[in-house]
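In the part that follows, the structures are each spelled out as structure tokens.
Two complexes follow with subunit A in common, the first pairing it with subunit B and the second with subunit C.
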Partner chain A sequence: MVASIVLSGVAIGCIYALIGITYNVMFSASRVFSFTAGTLGMLGGVLGSLFISRMGLPIAVGFLLALAGGAALGVVTEIVAVRPVLKSLDQHLYVLSTLALALIVQQFTAIEWGTDARPFPRLFDLAHGVFDQQFWLPMLACLVVIVGLELLYRHTLVGHAFLAIAEDNFAARALGLPERGLRIASYALAGVIGALAGFAGGEMLLAFFGNAPMLTFYGFVPVALGGMGNNRGAVVAGLLLGLFQQAANFLVGGIFASVAVFTVFILVLLARPEGLAGAALPRRV
Partner chain B sequence: METPAAQVLPSRANALGSASMIGSALPFLVLLLIGLLFPLFGGGYWGLIATRACVYWVLVSGLNLVVGFAGQIAIGWVALLTLGAYTTSVLAAGNVLPELSPYLALAIAAVVGAVFGLIIGLPALRLRTFYFAITTLGFATIVTQVALAWQSVTGGGVGVAGPIFPEPFSSQWGFYYFCFGLAAICTWMTGNVAASRFGRALTAIRDSEVAAEASGISKPALLGPVFLFSGAVAAVAGGLFASLQSYITPDAFTLDLSILFFIAILIGGRGSILGPLLGTILLTVLPEFAAPLVAWSTFLYAVLLLVIVLAMPGGIAEILDFKNRKPLESGRAIVPRPELLARLLGAPANAGALTLEQLAVSFGGVRAIDNLDLEIRPGQVHGLIGPNGSGKTTTLNVISGYYAQQHGAVRLNGVALPVFARHRRAQMRIARTFQTPRLVGSASVLQNVMIGGTIDGEGTFVESLLSLPRHRRDEIMLRDTAMLALAAVGLERLAAVRADRLQHSELRFTEIARALMLRPAYLLLDEPAAGLSAEEIGRLGALVVEIARAGTGVLLVEHHADLIFDICHHVTVLNLGRMLAAGTPAEIRSHREVVNAYLGG
Partner chain C sequence: MSITRRQALASAGAAALAGGLAKPAIAAKEPILVGYLPALTGPSSSTGIGINRGTQLAVQEINAAGGIDGRMIELITRDTQSDPTKAVNGAAELTRGQKVSAVFGPLNSGESLAVVPMLARTNTPQIHPCWVDSLTDVQKYPMCFRNAPTNQQIGAAANRYVVEVLKLKKVAVISDTTGYGTASVNAYVPMLKTKGAEVVYQGNVDAANPDLKPELLRMQSAGAEAIMPWSVNAGFLSRIINTRGQMQWDVPIVGQTTLGSGQTKALLEKPEYWAKVYPNNFRPVCYAPGGKLSDRTGAFLDRLKTAKIDLSDTLLWWVGVGYDTPRMIAEAMKSVGTEPEAVVGYLNKLKKFPGVYGDISFSPEQHDGYPDDEVVMVEANSLKDGAFNLAPGYGA
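Take a look at the complex of A and B:
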């Protein structure tokens, strides 16, 4: 019993962490949190089910197409909902524009795909029980993304450019970095990561339009607790969240588990608005 | 001292006020008339739609203060509708307690809603915009889940019957009039708040929290009552909603509904009552005209939201704002009338000197201010000059409580000012302006200046809500004082104009007028001459001299050396956070190091 709580907790925690990283990658490129992060996760599951189960495409093709769909939504987010409001960041219009875009995609999915949760295809038929793929796929995805991002940021020129933009937008532009191109690339990357989260967690979460607001909320918890833009913090906080949620699920039942998660989230944030690992930003006057 | 023109001013302001008040009340009267006569030409089904619009507006009117005025992005307000609906239904059905009268149940729901409104709202005091939006979203999903799980009380997925209000409100039109009456009362109450110092303070928090704090507006003290009120009316709307539905289940309260409320406000326009009212009617009625589109309604709302945000942030209210479409006269000059200052500022209060003692501030490893001593005396102008990055604005920000010093103290009449506690500065009559003017762009110049006097109002939030005498006295007092302040800085002709239509120099003088509303013992001016023409700088100088003559101590941070030397009694020169020199203008002008480092050959 304990093993299954830990396994499902870590697995779902990996999905939350990946959505958290999706938030972070977009935030690093633009100083903007986007409501489309959870929508990307939802889309990964729905597109996977659409391409593989309904259209019968080979798994690898379906997988790549689902990721491409995520990348496309990432780019659309940048063009439609972020770029037009970047000039007036202090008015917080991005909250509204990304919310609008997230709702548009979510409602479109609800209408075209249906409002029922549909099954996600089993990708491999290897093992059941403790080594079931529904547990290790999200873990593998999370590992791949963390290692991949680490390699990208530390060892490639493009990665250095990403970091430069995250650190200081103006200085990076003054150095002649193609800021807009890098921002679009970041959003595409975030789209791929979000869709990967939904695809890897497809068996657990199913292909369901309602996953969008759920992931938008639970995926933001690791960001808020781990500190903005801090991927390692997001992974740690995501895993803790997943374990806490599954344990509470087992101990007090599903509904009160979400109440418990919500309460802890609010209390921690009220005590430390900058997150457990973050540092407070000085105010500008 | 007083000129005849000055005596005429306040009454002119009143005439201006009452004329525009009738104009702005007209659309509401038309809507009231349509609403009252609606049963004469509406069929049965349209009665249902009209009732629904009224119920929605009861909620939206309260949410409007949170979203449209205070600028807090509360997406999940449907949680409070759910809460009110279940509280009213469960109490009226007698699931827990003995059956209660539906009116009593509705009143209890209002109290519960107020408490939860405060609980949902409280994070807004600590959290950044997106964080707050997410927490309200989380709350909305939690409440529905609890309603689903708590079967013994809520009936779970099966649901519970809504309350039925007794005669004369049990018939369809009877219930319509009940809801319409409540909606009208909500319109009246939120309209009162909007036109009060509380409404203006909310917009100040929305558009420039820093300026709000400098005017002594405390965010918790202001937002607390607003969340209580907004929660109460949302819960009342929930009770009405349950009665209208006659049977409620958790899936009646989808996030789509929350989005509808939220978008109605943004389509209507922030900081308006009429706009969101029309927005609510529009969004309730729209799907009825396009039956095939009902499934797509939330999709369309979302598209509408995106279009509004990107193309028309002002919403319906801006489209209807005809009087601000007239071009302003060009080549207008600011002609201050310093002779009015004595009347505005009153007898100088003897506040004692404002002193900085061995002040040191560092950011990380950088010493921004190092061992600075400075004394500002009442009735004198103290100049603070130095190259960029020498710590001038930092000094000002320590005095007004934005930065904490590592060492030393800021004392007012010998008493150390508390570190941070920014809004308390206004109570001590320390006012300031900003390097970039911080005004509420969508509010009129007069309203902006009135914000400066917020702490001098005496009425409470409830008194404003109900337009009781003390609220009306406050408004007349603030309006008259603000007109006087505007006349003193030479802007009274622009009183009714939206602040975002002003020229840069006019914004600077508006900020000074707002600061004067505090009748400051000390006035901190942060580069007030930047961007002004030579002529305007001269007038500014004369104005500042007169402000000091009325008894106010002025700290003037400036780059224009001529202005400093013309009007200051005492000058301190900073370089790299250290005091390079201090003395009278004549001494500074001949100080060799200052001339070399800063003034140039």
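Take a look at the complex of A and C:
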């Protein structure tokens, strides 16, 4: 039982962590929490199944096209749901605009793809086993994203530019950085990460339009617990969430597992509103 | 020649009388309009598309045989697009605009829940095949008839199979968290207990939950001898079947018809996991032990093949209920005409209408016409030509 909790808990935790990172990448570039993050995850699974299973494309091509689809939705999110409300961030209109876009995409998927879950292709021709690819693929994807983002942010000029606009976009723009272009690129990158989460977890979550709200909610928990914009915090909190959720599934089961997860979530936020790994912002007086 | 006012009035009166006398002769050749509300597009359209194949065939056959006393049936179709709002709009247009003589549909419960109360105010006879219990009520909807089972009959058949045929007493009942799922569990668990079964596990789980192993382990440790899932979500059902297979746990899974759908099959990790899975179905459209359909259904299957109607992507009972309903309406109108009260009066006395899907009977007090004992369980992995083998334990 412990092995089962750990395996599936870590795997689903990696998917939550990736969705959390998707939120963070978009947040860093715009100070906006885009609720299309879970929709991007759902779309990764649906597009993977569409390109590989239904259209019969090679796995590598289907994978790249699914990521491209995620990037495209990321860019659309920036243009349609984020850019128009950036001037009035304090009114939090982005909650409505990004949720509206997420719902449109979700309903469109339900109409065109169907409301039934559909199979996601098995990516490697390996026999089903205890440490199955449906578990290690999300772990691998999470590892690749963490390492990739570290390399991008610390060792490339573009990465430094991303960090600059995340730190202070007015100062970055004053220094001549193309803030709008970098924001669009950040949203495209977030789209790729979100789609990768859904693609890597496709065998576990299936190609199902209903995954969007589930990932939107559970993917936000690592962000809140790990600290806004803190990717390392999101990974740790995502893994803890996955493990706790699976343990709750085993111990209390059914619908009560969700209740247990959100009870702990609220208790943690009551104790540390800035999140487990977040730093409390000093307030100017 | 001058015409007096009296002559003009007499001529006008004669003309009006002649016109009035001629009217029935013209009306006799007019088609009989029957409203039809299938979901031919949208997420719930697989049922509608299957039923529509039978409906179109029946109308063609009725009209080819001379119609109803020389009057052709004209099906006025409004695609509900799987949307209750569009179904209501379609029903309003059919009754108020087209003034149809009867309505067949909607074909999904969600749409019928919206349409049935609305049609009840329009004095239009209605027949639908939807399962939600509240969709017939002789007091509230006296012109509405159901030629399919209710959810109570569906649950009762599954319970009967587990307790009386398989002789299993310890049962796990699981559903998703939808209204249908939770309502089914709440309704069927007391029925199981009345039958003497012990419900050792009862749970509602989010259909998107990717890992159902904890739930199945809990069922196993509680000593469950059968799993009864109630959900129309193929992903949820396939996870139950896959997890049972991974655990190499040899208990039967008995429940909702979606257990036997192509969508569920497509989500199975191994085809052999589909063994010992028994979904609901209907005896007249199932293969008896020995692999034979009844003579009536066999003849119907031959007609479908002659008409080149494809069954590879649909279910025989869908096509069957689609075929039966226009014939039932036609028989009523052939006997008593098209007046709404007369049609309802005829249906209220209908006894064992010989349908492909089942023998339908109504009474003034009972508008649920499907017989209890025709609701059976079948082997999920035996689908051929849209029909299944009866589950083990049923007699021929």
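Everything that follows uses one rule, which is that the second predicted complex is superposed on the first by the 280 of 285 C-alpha atoms of A that agree within 3 Å, B and C clash if a C-alpha of one lies under 4 Å from a C-alpha of the other, contacts with A are read in each partner's own complex, and residues count from 1 in each chain.
Assume a residue touches a chain if its C-beta (ideal position, glycine included) is under 8 Å from a C-beta of that chain, and two chains touch if they have at least 3 such contacts.
All values derive from a computational prediction rather than experimental measurement.
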Fit or clash between subunit C and subunit B when superposed on subunit A: clash
Which of subunit B and subunit C A:Met214 touches, first, second, both or neither: both
Contacts of A:Gly176 with subunit B and subunit C, given as first, second, both or neither: neither
Partner chain(s) touched by A:Arg118 [first = subunit B, second = subunit C, both, neither]: second
First, second, both or neither for A:Gly56, with subunit B first and subunit C second: neither
Which superposed partner A:Ser258 touches (first subunit B, second subunit C, both, neither): both
Superposed model, subunit A: greater residue contact from subunit B or subunit C: B
Which superposed partner A:Ile266 touches (first subunit B, second subunit C, both, neither): first
Superposition clash, subunit B against subunit C - the stretch among 25-33, 151-159 or 331-339 that is involved: 151-159
Set intersection of subunit A contacts, subunit C complex versus subunit B complex: 111, 214, 253-255, 258
Parts of subunit A lying in touch with subunit B, wherever the complex brings them together: 33, 80-81, 84-85, 91-93, 95-97, 99-101, 103-104, 107-108, 111, 213-214, 216-217, 220, 224, 253-256, 258-259, 262, 265-266, 269-270, 273, 282-283, 285
Subunit A partner contacts - residues on subunit B that touch it in the complex: 71, 73, 75, 122-123, 126-131, 133-135, 137-139, 141-142, 145-146, 148-149, 210, 255, 259, 266, 295-296, 298-299, 301-303, 305-306, 309-310, 313, 363, 393, 397, 402, 434
Subunit C-facing residues of subunit A, complex: 1, 4, 8, 12, 110-111, 114-119, 128, 201, 204-206, 208, 210-211, 214, 246, 249-250, 253-255, 257-258
Interface residues, subunit C side, partner subunit A - complex: 42-44, 177, 203-211, 213-215, 217-218, 233-236, 238, 246, 263, 266-267, 269-270
